[in-house]
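Have a look at these structures, which come just after this line.
Two complexes, one shared chain (subunit A), two partners (subunit B, subunit C).
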Partner chain A sequence: MEICKVFFHLSVSVILSPLQNYPLYIRSVPSQSELKFHYTVHTSLDVVEEKISTAGKAMAEQRELYLGLLYPTEDYKVYGYVTNSKVKFVIVVDSSNTSLRDNEIRSMFRKLHNSFTDVMCNPFYNPGDPIQSRAMFTMVSGLKSDKCGWLV
Partner chain B sequence: YVRPQGGAQDFKKWGNSELFTLTYGALVTQLCKDYENDEEVNKQLDKMGYNIGVRLIEDFLARSSVGRCHDFRETADVIAKVAFKMYLGITPSVTNWSPAGDEFSLILESNPLVDFVELPDNHSTLIYSNLLCGVLRGALEMVQMAVDVRFAQDTLRGDNVTEIRMKFIKRIEENLPAGDE
Partner chain C sequence: MADDVLFEFLHMEMVSHVYKEQASRDDIDKDRITCVSILEGMGFRVGQGLIERCTKDYPTFKDDLDVMKFLCKDFWTSIFRKQVDNLRTNHQGTYVLQDNKFALLTQVSSGKQHLEEAPKYLAYSCGLIRGALSNLGLESVVTAEVSLMPSCKFQVVIQKS
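Coming up: the complex of A and B.
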C-alpha cells in the first residue's frame, strides 16, 4: 500500500500512497538529509502497520486516524497518521524540538490531510502520481515557517 | 404544476457542490484524453455549453419571474444577479461597459467549477470553464440575442480574477429552430 509520507525537517513531511508504500510527496529542510529520512520513514512504516493491525482486532472500537508518536530515535521523533483509505502520513521532528505539543502535531496532520484531499479532487491529478500541487507546496511551507520559531 | 421559484437556495440545497465540481472535472479531463489538443477541447466545451444553454433558458424563464429585458444593461444584470446565483450560487459583478453599451465584463471572485483544480503545465491554453461561454451564448440565442462570449481572464491561468467578456452582436429577427450544433 502506498503510504503518504510527509517529511518535515523541522520536521520532514512525507505523504505515502496507500498502495505500494512509495512516497508521493516529501518535503524536508535542509534537503541534504533527505536520504537519511527515507530510511527513518521506511522503518516507521513497520510501526504504522503494526498499529493499524492491532486496532483492527478490537473490532468494536473505531481506530483514531492520528497514531501519535511512533517511536523516538536519538535524533528524531516520528509521528504517524493513517486515513481509512490507508493513506499514511509521517512527520519526523527534530528531537531537540521539545516544545511541539501533541495538539500541534495533530493540527499539522489535519492540514496535510485536507491538502491531500484537495489534491485528490483535482481532476488532472492521477492517484499514484507524485504530487506537484502548488497549493500543497504553499501549505507545507506555511507549516514549516509556523514551526520555525520553535527551532532555536 | 408550478415550477418552484428560483434563487440561491436552489443551488445551496445541494448541500455541497463537490459532486458537481468533480463531475465537471471528469468531463474536462475525459475530453482532454479524447482530443489531446486544448483548442479542440475548448471548442467541444463551448458546443456542449451551447446545447445546455438552449435548454436551460426555458428552465430559467419558468423559474424566475423576469420579463423581457429592455436593453443589454438589463440583460447583464439579470445574468449576473439572477441566473448565476440560481445555477452556480455566485453573483459576479458587471463592469467594464464599452462606450456603445454593447459589451461588458462579468467578474467572478469564485467559480464552483474550478474548486481544487490546478491546470498542469501541458494544458496552458485550456479554457477550463469554457462550457459557461457556450451556455450563455445558447441561452441568449433563444431569446433572440446573438452574443459573443469569451474568457478574458482566468484564475486557473494565473490571473487574479476570472473575467467573462460578453458582446452583443445583433438581434435575431427570424424565428430559427433551436439547432444542435
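Coming up: the complex of A and C.
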C-alpha cells in the first residue's frame, strides 16, 4: 500500500500505497524530526493491518473506512483510515493538542480522501507515483492552518 | 437530451480512431492485437480512477463476491445506466457477467450481423473491469465473448497470488 504521509507540526498525515506500503505523499508542518514520524507511521501500519484483517471476520456489520485511534504514544496520537482501494491514510497528531475531536479527524480524512480521488482521476497521474499535485498541497496546508486556528 | 449516448458516440470514434492509426502504419500483422491492447489499456486507467470515485463513500467490501456484486450493480449503473443482468460464479475465482443489452453494442446490430467486429467494441470495457478490480486489490484477467448481439458475457478470472 502506498502511504502518503503528511506531517504537520501538530500532526502528520500520511497516505500509504495499496501494495508495497511505500509513502505516496508525506507532509509535515514543521519539517523537523521527520524521520521520527516516518518511524511512527511505519509501526502504526501493523495496527492498521490488524484492524483490516479482524474487520474481515466480522461479516455481519458494515465496516467503516475510518479506523479511529490506532494507538496513543506518550507524545502523539495516531489515527488511521483505509479506502476501498486499499490505500491507507495515517494522521499523527501531537498529544498536547487535546482540542481535536473525533469529528474533526474524520473530516480531515474525508478531505484527504476527496483530494486523493481527484489526484487519481487526473490523467497525468500514474497510479503508484509519488503525488505532486498542487491542489493536494493546498488542501493539506488548509488542514494545518485549521488546526492552528484552534490552538490557544 | 442526447446525454445518454454521448459516451457511446465517443467510444465508437475512439475504436475507429485507434484502428485507423494502426492501419496507417506498416506492420499489418500486429494490428489487431495492438489495437485491442491499446483500448484495453485505456479502459484500465479509466477503471482505476472511476472505481476510486465510486467507492469513496462505500463501506469496506467483505469479500470477492461482494466486490463483484458492487461491480455488477453500482459500477455498471454509473457507466451504462443499467445493471448487469446475470452474474455467475464457480466460487473458485471465476465470474461471468452477462449483459443482455450491452450499451456499447446496441447500435451495432441486434443479431449476428457484424459479429466479427464486436470484440473491438468490448476491449475498452474489459479494461474498465480489470482496472476497477486492480484498484480494489484483485488482479484479474478479463475476456469477453459475444454470440448474439447486443448480449455479451464478460469472464473475470481472479488471479490468486
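Annotations for the structure displayed:
Quick note on the criterion: the second predicted complex is superposed on the first by the 143 of 152 C-alpha atoms of A that agree within 3 Å, B and C clash if a C-alpha of one lies under 4 Å from a C-alpha of the other, contacts with A are read in each partner's own complex, and residues count from 1 in each chain.
By our rule, a residue touches a chain if its C-beta (ideal position, glycine included) is under 8 Å from a C-beta of that chain, and two chains touch if they have at least 3 such contacts.
Predicted model, so just to flag it, every value in this text is computed and none were measured.
Of the two partner chains placed around the shared chain by superposition, subunit B is the only one that A:134 touches, whereas subunit C remains out of contact.
In the superposed pair of complexes, A:121 makes contact with subunit B and with subunit C alike.
Within the superposed three-chain model, A:113 lies in touch with subunit C and out of touch with subunit B [touch as defined at top].
Between subunit B and subunit C, C touches the greater number of residues of subunit A.
Using the contact criterion defined above for the overlaid structures, shared-chain residue A:80 touches neither subunit B nor subunit C, since it reaches no partner.
In the superposition on chain A, the residues of subunit A touched by subunit B in one structure and by subunit C in the other are 121, 123.
Interface of subunit B with subunit A (complex): residues 18, 21-22, 25-26, 28-29, 115-120, 123.
For subunit A in complex with subunit B, the touching residues are 118-119, 121-125, 133-135.
Interface residues of subunit A facing subunit C in the complex, by the touch rule stated above, are 18, 52, 55-56, 59, 62-65, 82-86, 113-114, 116-117, 120-121, 123, 127. Interface of subunit C with subunit A (complex): residues 45, 48-53, 55-56, 58-63, 135-137.
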